[in-house]
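Structures are listed in the sections that come next.
What follows is a pair of complexes built around chain A, which joins chain B in one and chain C in the other.
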Partner chain A sequence: MKTVDARGLSCPEPVILLRKAMASKESAYTVLVDNAVSKENVTRAAQHQGYKVSVSEKDGEYTLSITR
Partner chain B sequence: METDVKLTKLASCAGCGAKVGAGTLVQLLEGFRTHKDPRLIVGYDRSDDASVYVLDENTALVQTTDFFPPIVGAPYLYGQIAAANALSDVYAMGGEPKLALNILCVSERMEDKTVQEILRGGYDKVYEAGAIISGGHTIQGAEPIYGLAVSGFVHPKKVLTNSGALPGDRLLLTKPLGIGILTTAAKADLVEAPLLDRVYRQMATLNKTARDIMVQYPVHSCTDVTGFALLGHSYEMAQGSGCTIHIQTDQVPWHPEAYEFADMGFVPAGAYRNRNYAEKGVKVVGQVPRALQDIFFDPQTSGGLLMALPEEAAKDCLAELQKRIPEAREIGYVTEKMDADIYLE
Partner chain C sequence: MNLKGEKTGIILAGLVIGVIASLLVLFGNPANMGFCIACFLRDTAGALGLHRAAAVQYIRPEIIGIVLGSFILALGKGEFKAKGGSAPMTRFVLGFCAMVGCLMFLGCPFRMIVRLGGGDLNAILGLIGFAAGILTGVFFLNKGYSLKRSYQLPVLEGAILPAVQVVLLVLLIAAPAFIFFTEPDGGPGGKHAALIISLIAGLVVGALAQRTRLCMVGGIRDVVLFKEFRLLTGFAAILVGCLVCNLILTAVTPGTYFKAAFAGQAVAHTDGLWNALGMYLVGFACVLLGGCPLRQLVLSGEGNADSAVAVLGLITGAAFCHNFGLASSADGPTANGKVAVLLGIAVVAVIACANTFFQEGKKN
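== the complex of A and B ==
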């Protein structure tokens, strides 16, 4: 499983990082973001690629678990 | 083609997407002291495109300013787009721009040639508008910024505010939507050059032609669709006019490529801000897919004019517009106030 740390980045950087990471076609990824817009956009990017997404939030930081 | 210095890499957010949310602005502007003057017929107590001050019975002064960080990498194009966008607010009031002042912030990382090209873009657009750049102000800062403060004139009885729409009016829109999403996807190098060229040309196109045709018809209300997106600006028009605006989603012009980019997560932050601001006034009738809603909430840089006018005139005006602006469409209609400001149907 690959982790993408996109904290401190704003749109569209987190989506770009996830897309690069997804080139390796793994079955699961974890993405860290620190704003609601990135959470939404990364979720949609992952769903568009056919992945399922679950989100947990702690102190304004979001952890997105992305699985096939 | 000019060299692309990737000005956008120096900017943290793009074009009108950099605009502070409408909700935030309303709060920020509350409670300040201002002189009352009956000649100021459109001021900042109204959420309109420009302020209008009556000089005499035939002339009113229209004033506005607009500026933003680079939305494209090529400086000449950026200058043109920023200028077209700033001039648009005068057109949206039904006016003609006459004088403009440059507003410029240069970063240390920019070469003189780049700065010159930005300004050349601005000068060329202002020239095309028939107006004159009469001065300006330049500072240094971390991020480039360019735009104009524009003064123009309009007949006081022919001022087109965003609060004059009447039940029975039809709505016309003169430029297709999706600019914010496409320029966001362009940052990931996903947009093919021919489409990107079309998008850039669209942004650099003055709303002068649309305005010149519009003023020949009995238009009740007009605004330009920019940072607050189709739905944010429609929301302001509906609230200001005390009416409900019905948007016929299958009639609205938008760049088809924006749809998939929205689903791929290339939705600019400004679209989320616009949704937060206007969503409470929007009622969705039937199925409007999420990506299409994103396009309707998508901040436009130098977007088209949105005008409200009676049905019969709208037909003639649209026919006239489409001769010069083939993308212009009738996108909806206005009714008495219903249980929502906007119906998406």
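== the complex of A and C ==
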């Protein structure tokens, strides 16, 4: 499973990083972001690609588990 | 996440914002200028005496409202977060350059849409340049352009720009002698809706833009980058809302709020090449900033100190534009303004290259 650390980055960078990571066509990814906009954008992008997304939040940081 | 509900939300928000932009002209704002972030920051800079162009001096309550609307909603939703430290000086310069482009065209991307909604065909040339500028920026994004990460900061850092808006509101109401106000018939700065109307309009637009993440630059950028049409839908909804409301106002009031023509448009010129090049600079600079001037205001309200610095860049750029004769007028662009736009494009290109191809510790 690949992890993309996009904390501190703002749109559209987290989505670009995820898409680059997705080139490897793995079945699961973890994305770390630290703002609501990036959380929404990454979720939307992953859903568009047919992935399921679950989000957990801790101290203002979000961990997105992205799975097929 | 409900994707369909999200889309309906942004369409409704766009329509409301478009209608507000149209109505503000009815209530007294300059024609085709219900909203213009660039013009309004410029007017505010003038009111504070940062430039002395007597025709464009007024503390615009719309700006105050947008920042505070975003601030209040972000606080309520738990999204207010003081952060910054992602290339602040670079963002200042990008904001400065974006303003040079805006004042060549005479409007920010938001006003470009409002001008289209009023039938100003010059804005089509602006839109072409704007899209080309965004495409240029997207090229660099795809190659790895980044201004690096931001960090959490003390709350005060994120609260300063919203607090400054409160100070500006006090200055506007108190109107002390050292604040400059354009005479009612002295130019665009003298034309404005009543304070309370402008302020409420700003608050509503700021709140809606905060919720929907509306961004004129993001609209075209996301379609090119990700084939993601959400933000562009909002962009289109503003145009529709504004256009329809303008047509209705033209039909039911004595005034003309829609006139499809190149010549004779309010606060606009007909030099197509420079309208396009000005907006090219805006599109390019704003993609590198991560959002249009409206979005920078909204992010500032959410506590983003980097965006607040970009706003300071926009304000400083506006002051320089009027102090050095860079801003266009209804007569067309100035020679100084043309040089400044070309220099601005060069500066933005250097920033793009430096943060794409010459990053320290770049991982591939």
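The rule we apply is simple: the second predicted complex is superposed on the first by the 68 of 68 C-alpha atoms of A that agree within 3 Å, B and C clash if a C-alpha of one lies under 4 Å from a C-alpha of the other, contacts with A are read in each partner's own complex, and residues count from 1 in each chain.
Criterion: contacts are C-beta pairs under 8 Å (C-beta built on N, C-alpha and C of every residue); 3 or more make two chains touch, one makes a residue touch a chain.
As the structure is a prediction and not an experimental result, all values here were calculated from the model.
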item	value
Room on chain A for both chain B and chain C (clash or fit)	clash
First, second, both or neither for A:12, with chain B first and chain C second	both
Partner chain(s) touched by A:42 [first = chain B, second = chain C, both, neither]	first
Chain B versus chain C, judged by how many residues of chain A each one touches	C
Overlapping contact positions on chain A, where the chain C interface meets the chain B interface	10-12, 15-16, 19, 36-37, 40, 43-45, 48
Interface residues, chain B side, partner chain A - complex	12-13, 184-185, 187-188, 262-269, 272
Chain C to chain A touching residues, read off their complex	1, 3, 6, 77, 79, 81, 83, 86, 141-142, 146, 148-152, 213, 218, 221-222, 225-226, 228, 230, 290, 304
Complex interface listing, chain A residues touching chain B	10-12, 15-16, 19, 36-37, 40-46, 48
Contacting residues of chain A [partner chain C, same complex]	7-13, 15-16, 19, 34-37, 40, 43-45, 47-48, 53, 60
